[in-house]
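Next up: some structures, all given as structure tokens.
Two complexes follow with chain A in common, the first pairing it with chain B and the second with chain C.
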Partner chain A sequence: MFEAWKKHLKRGGGKKEEILAPVEGLAVPLSEVKDPAFSQEILGKGMAIIPSKGRIVAPVSGVLSVMFETMHAVSITADNGAEVMIHVGLDTVQLKGEGFQSFKKQGERVKEGELLLKFDLEGIKAKGYDLVTPVIILNTMEYPNMKSHVGKQIMELEPIIEL
Partner chain B sequence: MNIDKIINNNIVTAIEPDGKEVVIMGRGIGFGTKAGRPIAENKIEKTFRLDSQNSLDQFKELLVKLPLEHLKASAEIIAYAKSVLNRTLNQNIYITLTDHINFAIHRFKENMVFSNPILSEIKTFYKEEYLVGEYAVALIERSVGVRLPVDEAGFIAMHIVNAELNTAMNKTMDMTKLIQNGVNIVKEFFSMEPDEGSLNYQRFITHLRFLAQRILTGELLNSGNTEFSNIIAGMYPKEYECSLKIKEFIFESYHHDVTEEETAYLAVHIKRMRL
Partner chain C sequence: MKEYRYVVDDPMGLHARPASVIFIEAGKYMCSIEADWNLQKADCKSLLAIMGLGAKKGDEVIFRFEGEDEDAAYYAIRSVLDKK
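So, the complex of A and B:
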């Protein structure tokens, strides 16, 4: 019981936790992403952004727990406990890092809004890749009341998910 | 055809010309009549033919006290499952599913609801059967007037899966051995002693059991081009490496190639167990 309270306090009491947009673009529901790993929420719930700019910033403060070698995906363990994964595009693992540039290393602390990745939006698109970027809460089960804001154009660091 | 035995007002048995006993269902078919008299053909709603006398005897025993609506619902669900899945089901499903549905309705009326701890696994791994389960829950609501919880859709799906497996299981594989070896590979790889009472351990075991069943039926998951395994390999490299060892073991021992997707799922379960 006290554990639950401690957790509650650590998370800033009744204050809602927000995940901010890591990239500017059009916010869409996961069901519109053409890959079952995302559309069927196999990895967790969340939303996706069709980017209009080639830069990814940290959507929360925490530790960059995973930076994929191919730099097309990252995962952050937020200070509030959420595990947030950002996956830039579909099948982009095949690019083996080409067109991607990273600014933080795995294990490093990151602050909300800090630049994590840059990618060549037009170049990757021209190669025929779908750049839709899912933002997934991997430990979804801990957030039964999570809400996403989709169906509109969003700016970098605009709130997109409420936990 | 004449009545051989009256089970209750709505169920009788008869002997077909080839000497096989059948169970016949129909409202009022056993009412106001006697063994030896002809069966009122216009009352026949369904005839059940089961392969073995042993199964038939079990079925008859179950039917004695069974409300007709429950049997009808079960028969309709089985017919629906056969038509949409287009697979052979072991005939014992008439016994197992009917018994289950009857029991589930009773339990529900007594406010004893069991939750299904592996509901999400069933939904993921047996999607088609789960849809039949959902259909069954809706049908039971319509015909019996009882709205069973979604967990029941999962239980019903499991009965259907079992009926599929029992027909496909022509060569017996030592499933327990596969599970045990899978667990041992994880133990060795991480030099850990998993907490066998934990839910995540149970999930891992259930997953291995499902995997063994899918290997048997040749229905390994393969959704084709998906990011799933790439992501899991990137997120949980150690666990993925361990699940590759299990894949290797299964290939060497059973000559089955575990798909990338299955390997990734194994890694997810290993990860959970290590949390």
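So, the complex of A and C:
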């Protein structure tokens, strides 16, 4: 109880927090992602973006807590405690990093809007991969009132999730 | 305390999918479940922590179970890891 209250205060007490779009594209609900790990919210709640540009920027300021060697997914632990995972495409782990380029290392501090990854949108698509990019809050349990903005075209750094 | 030594066999290491399998199973038990690799420790009840380990194919990860239901958790985690 006390811990929950402290967390609440740390998050600025009741103030809405926003997660910004890490990539430009079409915002869709997770239920439309053709991978049950995402559509059934096994990894957490969130939304997805069908990218129209091959670059991923930091959706919040914090620490780059995961940068997979294969560069197909990253996760940022925001200064407010939210764990945001960005998974570029489905089954793209199989590309073993081909078509991806990273600009930050695991453990580094990142600022909102800083470039994290570039990827070859057309090349990866041509290989038959679905590039839909889920943006997931891994510690979903801490955010029972989370809301996502989907069903529209979004620009980089437009608010997509309210915690 | 129980311990299980697991050699990662997924060619891509502990990426999102295998990590989520461990995370989901770990969440069903009360005992603490920790994965150690390369001087790092991950709480298996945090998906982020498991993925952050960065364990790759062939790496030996030591799972440690401590608490009342550690036996049940040990067998459950073993069975999901060995199934893969």
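Quick notes on this one:
The definition used in the following text is that the second predicted complex is superposed on the first by the 153 of 163 C-alpha atoms of A that agree within 3 Å, B and C clash if a C-alpha of one lies under 4 Å from a C-alpha of the other, contacts with A are read in each partner's own complex, and residues count from 1 in each chain.
FYI, a contact is a pair of C-beta atoms (placed from the backbone, for glycine too) under 8 Å apart; a residue touches a chain by one contact, two chains touch by 3 or more.
If you're wondering where the values come from, they're calculated on a predicted model, not measured in any experiment.
Three-chain overlay on chain A, with chain B and chain C in a clash. Of the two partner chains, chain C is the only one touched by A:Thr77; chain B is not. Contact with chain B, but none with chain C, is seen for A:Leu90 once the two complexes are overlaid on the shared chain.
Touch criterion met: A:Ala37 reaches chain B and chain C at once.
With both structures placed on the common chain, the touch criterion links A:Pro144 to neither chain B nor chain C. By the touch criterion defined above, A:Gln106 lies against chain C but remains apart from chain B after alignment on the C-alpha atoms of chain A. In the superposed pair of complexes, A:Gly128 makes contact with neither chain B nor chain C.
Of the two partner chains placed around the shared chain by superposition, chain B and chain C are both touched by A:Phe68. Among the listed stretches 92-100, 128-136, 164-172 or 200-208 of chain B, only 200-208 clashes with chain C once the two complexes are superposed.
Comparing the two complexes, residues 37, 42-43, 66, 68-70, 73, 75, 85, 87, 93, 138 of chain A contact chain B in one case and chain C in the other. Listing the residues of chain B that touch chain A in their complex gives 124, 223, 225-228, 230-231, 234-235. Listing the residues of chain C that touch chain A in their complex gives 12-13, 15-17, 20, 24, 46-48, 51-52, 54, 56.
On the side of chain A, the complex with chain C involves touching residues 37, 42-44, 65-66, 68-70, 73, 75, 77, 83, 85, 87, 93-94, 96, 106, 138-139. Within the complex formed with chain B, the chain A residues making contact are 35-38, 42-43, 66, 68-70, 73, 75, 85, 87, 90-91, 93, 138.
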